[in-house]
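As structure tokens, here come the structures.
There are two complexes below, and they share subunit A, which is joined by subunit B in the first and by subunit C in the second.
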Partner chain A sequence: MSVAPLSPPRHSTRSMLATAGSLALPLAVVAVLLLGVSTSSNFLTVSNLLNVLTSMSIIGVIVVAMTFVLITGGLADLSVPATVGMGAILTLALQPMLGTVGAFSAGVLAAGGAGLLNGVLVGYARINAIIVTLATGTVILGVAQWVVGGVIVYGADPTSGNLLKGRVGGVPTIVLIFASVVILGHLLLSHTVWGRWSRATGDSLSAATAAAVPVKLVSAGAFVLTGIAGGISGGLLALTLQNARPGIGQGYEFSAITAVVVGGVSILGGQGSVLRAVGGLIFIQLLTNVMTLTGVRTPVQGLALGLLIIAAVALDLAVRKRGGA
Partner chain B sequence: MTRLVFWAIDYRVLVIWFATLIVAVMTVPGFASTITLGLALDRAASMGLIAVGLTVLLAAGQIDLSSGAVFAVSGIVAVVLQPNIGIWPAAGVGMLAGLVAGAINGFVVVGLGVNSLVATLATLLAYRAIGHWITQSQPMSGMDIMLALAISQVHWGMLTLRAALFLVLILLLHLWLTYTVAGRNLIALGSSPETARTSGLRPGRMIILAFMGAGLLAGGAGVLQSLSVNTGSPVFGTDLTLLALTAVVVGGTRLEGGRATALGTLGGVLTLVTLTTGMEFASVPAYVQEVVTGMILLTLIVLDRFARPQGAMT
Partner chain C sequence: MIVPALEMRNIVKTFPGVRALSGVDLMVQRGSIHAVVGENGAGKSTLMKILSGMYQPSSGDILIDGAPVTLASPAVAAHFGIAMVHQELNLAPDLSVAENVFLGRTPRRGPFVDRKALRTGAKDVLGTIGARLNVDALVGGLTVSQQQLVEIAKAYAAGPRIIVLDEPTSSLSEHESTALFDVLRRMRAQGTAVIYISHRLREVLAIADEVTVLRDGALAGARPREGLTSEEMIHLMVGRKVTDLFPKQAATIGEPLLEIEALSDGRRVQDVSLTVRAGEIVGMTGLVGAGRTEVARAIVGLGPRTAGTIRVRGHNVAPRNPAEAQRAGIVYVPEDRKRDGILPTLCVRENITLPILTSLSRLGWVRGGAERAEAQGQSRRLGISPSDPERRVSLLSGGNQQKAVIARWLASRPAVLILDEPTRGVDVGAKAEIHAIIGDLVSQGLGVLMISSELPEVMAVSDRVYVMHEGRIAPPLERHELDERRIMALATGEAVT
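Let's look at the complex of A and B:
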């Protein structure tokens, strides 16, 4: 940082470093693939890889939405476990009355409504997102339990889970749902005005306001997205498991933030993409899978994950600083 | 009338706490007794000790999500080492573990420049993992059950050791934040890091010290908890961080830094504990408790945002 070269060379160093930075994640994924192939004969099998894909699909839906929260500078949505719980509980509780699709939609709608509450408080009232989502999370999950009288809800129609467990062209339906969410999220963030507004808002709130970007709307929108995503995720989870406990989404908020951050999306907002966040998720899931296959104990995996987050973020910061960005 | 409303908004934590107390006393038979008070204060202590550390960190514009995990690990260390080095040295090492955990947090935030929210989320995972690792995910028992009874002893009809410790620390924190140069510097740092730097403060050192303090407090609370139940468990303290954080913010300390109040934190902790204890005594279902607590928190947070327009221009 002490050396300040003239702008043209700095520009090229910067783009070189930026390229190195954007290649780090794909390289890491390749490295973990090679590690898996060389250490376990079970790793590179269709069934194992499909297992990894299936298990990441449900959390993956949330990862896509959480990317928007971080990019708009909304820090994080800690009410995700509550919206997941709400989606799950309502989907199974309303199933006998509304049918599977109707109940699922109702769950997603309710969770989206909860997201709207977060959005209004964060985007329009401009209250810190951490404390807002902490408080609304308590209320949302409480209401969801209240509706069903505080019991674990079981599925009334076990066949409804079969659709999700089924396959289309060899790919599990749930993975296809995840893939379409990724594509939609990517298009929204990288190819629409909404996405440009989101990045501008996270990059500099005052500059975006001055440029007539509807910053309140965009900040609020990100939380509506995580609400909806939590509802979808919870509904899918409940239909797959055929039961819905209130604590069903516990830890999902932190897992999603981890994936987004490891994918190189800055918690300070303004930068990142849906595909990078999904890349972060893929990397974490593959790494966890390899560790499990090679018999690494769960606590050690947790330790590794913690170190990984710090390393990823510190590396990202170092690259950006050196690049002068 | 308007003046009364403004007064009520300014002292909203106090108002809500009294309202909760009055409702609890009127609806729950036997709520107004020193036994209940002692019980509630003892419950408040763990959350409160962590809240003291968090108040300092938030004042400096930082956050610590890992304190619940530090709470668990320190307690585990204090229990696991008992057969090897004796009960009191083990307790000391447990607290030291908390201090080290805090120092690591501080290093990651200041040394590596990682945002404290992400940094302590990462160390939260790591410390929890260490807790599970040491104990093989099983609760561990200590050697002396009588010590547990001695530690949970209620003095003067209402105070346990840790409750007294919490109250003393809150008072000290209040004096420190209000009357000492170091305390005011900390708030200056939180309200404007750049100005603080250019006026000669050393933000890095202050932040690392704040994290070490928070770690030590979380560790101390964990050791006291483990000794008082004669058990160390990797799942202890799972909800503590978020509860303590809520108490601190509800008390009027800002998450963005630059404003901190120790007495507010005390009010926040007492409000949360009165609410939960009162509703438990009244046998309100857990999910209704969550809704009521959450609604009150939301009210306080929204009031905080609109009560002081001059402080809201962030």
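Let's look at the complex of A and C:
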């Protein structure tokens, strides 16, 4: 006996909401641009916009990787501050021995290894990602500090930061690095087998398993990506600032998750794209910039960003519910 | 004349597009055990959902102690003294037996739980139904059968006039079932009307005073236990005429493609052997919980496998996951399409190519053209409608979603296709199309193992049929031996010679 209701799926409501969802972000960016132009004469200047771009680049690398964590249904990687700290500390601490490139690579590798630990615990041992990354974050940071034996590390070779501060065709090098990461991340998600597997795993774990997708590998891989991204981000940050504190990446997990979620990547997994997540990042960075330029105080800024996350998640859940997906 | 405790008259229940019950009567006397039997999908659970207030009948009357009532909700049904014991247990594992028995009705003194009254109350209830359990034990630490007794005590503690037990023995051993029957007999002696849903005919004959048989949503017969035989019950359960809904295509049967020997999963499946040959549709049937799906999942590495050998085209294989099974030539279309089949937010193309994506890519980069061609080819081959492969799969009808899941596996060119309830929840037209597809596939030399609960489907489509009963499999019935009564007898463990 079949008692499945035979009513047709509600195309209209779903596609309307989906359209609203996909247009909301570009419209929001335009709105915040207009707001900036009309409230501050400093907003639409080359130096301000370059400033916004530069400041979003370092966090942006993490946003790209965090997109994979959410898309595979891995919830979030809260150990980001630790991998950023690890990348930063190792890059400067090992610089005298390995040289800038060597030390940077070592930091990225170590952070990637920490990500692998997260990945194995989440993907293979199937422990809740929030708990795992909360715990490993503390451990990773502790190890990084213990290895260098100090609290704050200073750069041994101040010229090493110059390359990052330099410009190619008027664009800061660090922005170019970010742009390449975005392009790589986008291609990985939308054009490769790995990307398809990631979306399938987040869409339905049990169906993906039955469809011969290596779901454990893919779930674990997303955390390796955030680990590597944290290492890159931390290394760039340390070279730019020429000093590294353990708490250097504090708040990066929150900023990255905010950008990804505001960009419309579903916290339930399966849906979203790297470009949308970057769109979310651009929106937040512009909004923060406008708020700063117009003298909105920091606590109020935090309040606004918090509300933004709640609104974005609520919209995502509403769209999912209507779609019956 | 004695007024019956419950009378349901001419109950009709329709769902959009489906008539689940067409005029069913049920009369249950006080102080008696009344069994309701029928095949999967005969309408037993729909009828019981109406009785417990979860569904409203489209038409018909319900009388309790001779007075007409409207059971608008489960709360109203409970108010009229109707208690349900469901197949799935609803207990709080971290609370004690006593706390569970009085869950939601905990005796109180002021704002505090009256622990003394709770314990003595629970002891009383357990004593009345003859269940020997420690009231302070945590429910999570009890065996399934003990938990079942707690569930029954919980229902009984509300002082019901009518208690419904839905397949209460499906997870119990024979010995545990005997203990349960003592409990039911005690409740009968207290004057309770007991409605007992089961497909174990031997048990029904052992315990029931009266038997109501449902078939295809209608009343097939209501008899007193006196003089009733299991043959007669089976006859009432399956007495329908088989219509030629599923035309069988001729195919040449060849070499064995899949040979399973002595497969066990360490849980339900025990010592299962079966063979699927090229060009053959092998049906596998049995009642819900017989272990059919577990066999399929064990074969493709989705479920545990503790013993047994699997051979594909004569070679031993031991797939640990669906990817390895696919490489070995065995693919599986799961039973629950929504949960294990489709990837809802992916499009039709992405759903179809998922398991073979590596072969459609170069160095991990998906070759768009090759992928689109493959998806379009499979989609056309199976007649997926609408034909746009970029459409999100969740927007397709159930039948077309199922075709997309089947298409996914055909792309990997398997030797054997295992289909688990391939036509469940799809409309009649799509059902015929899916049967035609299966026929086509075997004519191309594939072997198909089709798990189905629908006897007419199994009988019309299969070349041979295996019947499972409680984790074990009976020797196959050849096509000319197929007979509904014979299959039902094997499925219910009432083997007739």
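In this text, the second predicted complex is superposed on the first by the 300 of 325 C-alpha atoms of A that agree within 3 Å, B and C clash if a C-alpha of one lies under 4 Å from a C-alpha of the other, contacts with A are read in each partner's own complex, and residues count from 1 in each chain.
The criterion applied here is as follows: a contact is a pair of C-beta atoms (placed from the backbone, for glycine too) under 8 Å apart; a residue touches a chain by one contact, two chains touch by 3 or more.
Just so it is clear, the structure is predicted and the values come from calculations on it, not from any experiment.
When both complexes are overlaid on chain A, the residue A:209 reaches subunit C alone and has no touch with subunit B. By the touch criterion stated above, A:314 is placed in contact with subunit B alone, subunit C being left untouched. Annotation for subunit A, partner touching more residues between subunit B and subunit C: B. After overlaying the two complexes on the shared chain, residue contacts for A:245 are found with neither subunit B nor subunit C. Looking at the complex, you find that subunit B touches subunit A at residues 63, 108, 112-115, 117-119, 121-133, 137, 242, 245-246, 249, 254-256, 285-291, 293-295, 297-298, 301-302, 305-306, 312, 314. Contact residues of subunit A toward subunit C in the complex are 1-7, 9, 11, 191-194, 196-197, 199-200, 203-204, 206-214, 270-271, 323-325.
Residue ranges on subunit A touching subunit B, taken from their complex, read 75-76, 78, 121, 125-128, 130-132, 134-143, 145-146, 150, 246, 254, 257-258, 261, 267-268, 297-303, 305-310, 313-314, 317.
Taken together, the subunit C residues at the contact with subunit A in this complex read 15-18, 20, 41-43, 46, 217, 302, 321-323, 325-326, 332, 334, 339-346, 350, 354-355, 357-358, 361, 364-366, 368, 394-395, 398, 408, 424-427.
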